[in-house]
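Both complexes below contain subunit A, partnered by subunit B and then by subunit C.
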Partner chain A sequence: MEKLIDINNVNFKYNDGNYILSDINLIINRGEFVSLLGSNGSGKSTLSKLCNAMLMPTHGSVTVDGLNTIDNKEKYNIRCKVGLVQQNPDNQIVAATVEEDVAFGPENLQLSPEEIRKRVDDSLKSVGMYKYKDSSIYKLSGGEKQKVAISGIVAMQPECIILDEPTSMLDPKSRKDVLDTIIKLNKEQKIAIILVTHYMDEAVLADKVVMMDKGRILIQGTPKEVFSNVELLKEHKFTLPEVTELTEILRNNRCDLPRGIYDEDEFILSLKSIVGGRECL
Partner chain B sequence: MSLIEIRNLSYIYSKDTNCPKTALSNINIDIYDNEIIGIIGHTGSGKSTLVQHFNGLLKPTSGGIYINGLDIWKNPKKIRDIRFKVGLVFQYPEYQIFEDTVYKDIAFGPCNMNLGPNEIQNRVIESIRMVGLPFSILDKSPFELSGGEKRKVAIAGVMAMKPNVIVLDEPTAGLDPLSRKNFIENLKTYHSREKNTIVIVSHNMEDIVEISDRVLVMNNGRVEMFDRTKDIFSNGDVLMRIGLDVPKITKIMFKLSNEGYRVKRDVFSVKDGAEEILNLFRCDGGLND
Partner chain C sequence: MIRDLAVGQYFPANSVLHRTDARVKILNLLITIIFIFYTMNYFSLFIALIYVFLMMYLSNIPMKLYMKNFKIILFFTIFTGLLNLFDDRGKVIFEFGFLKITDAGINNSIFVCSRVTSLVILASIFTFTTLPTDLTDAVEKLLKPFAFININISEIAMMMTIAIRFIPTLIEEVEKIINAQKSRGADFENKNLFVKIRALMSIVVPLLESSFKRAYDLATAMESRCYRGAENRTRMRILKFKMIDLFSIFLTLIFIFGVVYCNMKFPATVK
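Moving on to the complex of A and B:
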């Protein structure tokens, strides 16, 4: 796999404060879907801001597609490659109608009107919001606004989109809708995704899960690798996905289930395989 | 007698313009003393509009709201008294913080209630403990705090007024799972100590199940269901049809039950779910034929 973002031995602090991030080593590959988990104040948002040159490392280096984020000349290019979507959709809307809002980014890239039109239409279609292109943004629901915000980034044709808790204000259906959109962009357009979240069921959708604790990376790996380390996660007071928690309780009651199950259907399959065989008491 | 009584309440935004929008139509509900009520509903279903009627921030377009049997709009000049009885914590309560220390911010409400200095101090300390923040935070500026901490300070500020009814609009959105769990636990403790009434709006079904005695389900400005928590979440199909969900563990039990396993469908905690599954092993085979 080809590296897109390379975070190498990074430490970070604001001015004279304490270190917020220490010894961070993380690689985001092209087209990879990475989820970033950790308690409030563990450094997730700070880390994501280092990825598009909103913040610079105090020590160490961050490169995006080979460009170092401390290089002032490249800042603009880096931000075109890595876009950021925030938690509250109301804080990131700049125009009155949907298509104007999405066009804001491409307009700033000084593209031709035809190209802007094309990008706006394509990106609205890719998030399923094309039919709302003339609507007033303020009449949309939270989930719809969030999809418009994502569309605004997609129109910049980035290599990577960082989403900082994009679903925490949304109802269950809108949440699913936004997640489906993120997955689609990742699978179909091969855009790398960094998803900052508190929801375990969102985190396990990723190729790679990164757990942050007190400014350090506690563990990183596939969802299966990470959620098999139940003791470590518990010791650091992480909440397990419900299915993993359920599996653990059953295992402790001598049920012969494998570790690291995080998917409902996988759980049911594993349970089926033992329930007839009476392998536990 | 009910504590909050809502009769035929409707609310229309921008009523006298050419684009009026009906947010609530014909709501009839009763909330009793010492209950914990959960409110769920899709975005735009009218949850926040409804709770803003509880303390008279919005005036019904038609219909009425009665607290302890008294029509709160009978004498609009007295509406301020209602705000001491019913405390409201908005969405994004961190935006309500304005003082230069956490202490002063929490003390602002009690100060306006003309309480003595000792009482104010006790209330500040009690509320900061209730939201699970260390005392050392009291001297800090609220603006140095993290998002989650600010939210807790704002909630403590409302708790310190000890209202009979406390209404929380999405208090746990954006909190990490552990903070969320602790917050819900602390809220329960506060409830059993103060014997007050709590109304909590949330998109998180796990929180709602954990804390509510009864759940009000809103859909397109109307009451879809209002029943005991257990009965509401047994109606998984209805909830999903209107854009809501059941807790994840409940979903697993639904799936197992649909596969023919003899498990209860009204299971809302992982512990109870595990117990149900272990029972499968205890009785024969565990599969329905």
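Moving on to the complex of A and C:
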């Protein structure tokens, strides 16, 4: 796989504060879905801002598609490639109607009106908000606003979208809706996704899970690799996915299940295989 | 709910007025308002009212939205109408004690009420039919000639866009804060001025605090969407002068001519 974002030995601190991030090494590949987990203050939002040149590393380097974020000339090229969606949908929408807001990014890229129109329509269709294109922002629900915010980034045709806790202010139904949209963009348009989240059930959807604690990467890998390290995660007070938790309890009671199960279907299959086809459920 | 206030909100519909260029609409609005206050007799007032009703019809906006706006200013209209009833000049029609109602007073009152109402309706038509971004674009274009006094008009237009965008959000925020403070026992109904001011502070401080947070987030969002100053942008919607705009200007000219003609032809009923 071709790498898109290369975070190499990054340390970060604000002017004269303590280090917020230390020794971060992380590679995001093209079209990859990465979830970034960690408690409040673990530095995950800071890390996401380093990826689109909103912040510069104190030591080390961040390169996006071969462009170093420290290079001021490339700042806007980098932000075109890596879009950022924040937590509160209300605070990131600039214009009063849906299509005007989606047009904001392409307008900043100084595209022609026809091109902007085309991109706005396409991106609204891709998040399923096209029928709301003329409506006022304040009439939309939280989830719809968040989809408009995502659409505003998609219209800039990025290679990667960073979503900083995009669902934490939404009700469960909107949360699912927004997540489905994110997955759809990843699958259909091959946009790389960095999903910063608190929720385990969101994190396991990703190709790669990165766990952070106190400004360091604790562990990274496929969900299976990460959730095999139950002791490490427990030591740093992460809640495990329910299925992983249950597997662990069964393992502790001398039940011969493999480690790193995070998916219900997989759990049932493994359970069936150890009870040897007998009716157990 | 305060949120449902119709003032200053765009209402999407497909009408002649929605399609008219925002620059033309602003100029039309300013000119017609001036001439509505220039109506001197019932003939010219009649023409002004016909113009207002025609615009309401052309706007394709449901009547109940106008009624909503109308209700808000109803008290104000009645109040000014009542004040104008009492006039020393003219023939006395009613008299209770020292209060005299004269025919001149009644005329005054009718004129003032219809002028104020027309003004509010025309302004509502304008905001209902004009997208906020079109409005700010138009202001930007119309202010272009004043660029020499060294103000950045594009930036001002961007600020206006954002301000308009955040009105409903902040209103919602105020409602939330009021409820939160009430549930902590804040006293908003007290008649005492000092208590009132103290209660107000308990709204203003959290509101300011959260506004700073919003501003910070918004700046991050705008920067990460490649915003680099209001001048270095293109626009999706370009204001274009069309046949509809000529039609709209033509209507306004007829209206002006009608008002001026009637004012000259017939004797003035109000000063």
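Definition applied: the second predicted complex is superposed on the first by the 274 of 281 C-alpha atoms of A that agree within 3 Å, B and C clash if a C-alpha of one lies under 4 Å from a C-alpha of the other, contacts with A are read in each partner's own complex, and residues count from 1 in each chain.
We adopt the following convention: contacts are C-beta pairs under 8 Å (C-beta built on N, C-alpha and C of every residue); 3 or more make two chains touch, one makes a residue touch a chain.
Just so it is clear, the model here is predicted, and its values are computed rather than measured.
In the superposition on chain A, A:D201 contacts subunit B only, with no contact to subunit C. When the two structures are aligned on the shared chain, A:Q92 is found in touch with subunit C, with no touch to subunit B.
In the superposition on chain A, no contact is made by A:I182 with either subunit B or subunit C.
Once chain A of one complex is fitted onto chain A of the other, the partner contacts of A:N40 are limited to subunit B, with no touch recorded for subunit C. Legend: residue contacts after superposition of the two complexes on their common chain; A:V120 is shown touching subunit C, with no touch to subunit B. Shared-chain residue A:G83: touches subunit C; no touch with subunit B. By the touch criterion stated above, A:I219 is placed in contact with neither subunit B nor subunit C. Judged by the document's definition of touching, subunit A residues 88 lie at the interface with subunit B and also at the interface with subunit C.
Residue ranges of subunit C in contact with subunit A, taken from their complex: 3, 9-10, 12, 131-133, 161-162, 164-165, 168-169, 172, 213-214, 217-218, 220-228, 232-238.
Those residues of subunit B whose C-beta lies close enough to touch subunit A in the complex are 41-44, 91-92, 146-149, 170, 173-181, 203, 205, 243-245, 247-249, 251-252, 255-256, 259, 261, 270-271, 273-274, 277-278, 280-282, 285-287.
The touching residues of subunit A, when paired with subunit C in their complex, are 49, 52, 54, 76, 79-80, 83-84, 86, 88, 90-97, 99-100, 103-113, 116-117, 120, 134-138, 149, 152-153, 156.
Contacts from subunit A toward subunit B in the complex involve residues 38-42, 87-88, 141-143, 165, 168-175, 198, 200-201, 237-239, 241-243, 245-246, 249-250, 253, 255, 264-265, 267-268, 271-272, 275-276, 278, 280-281.
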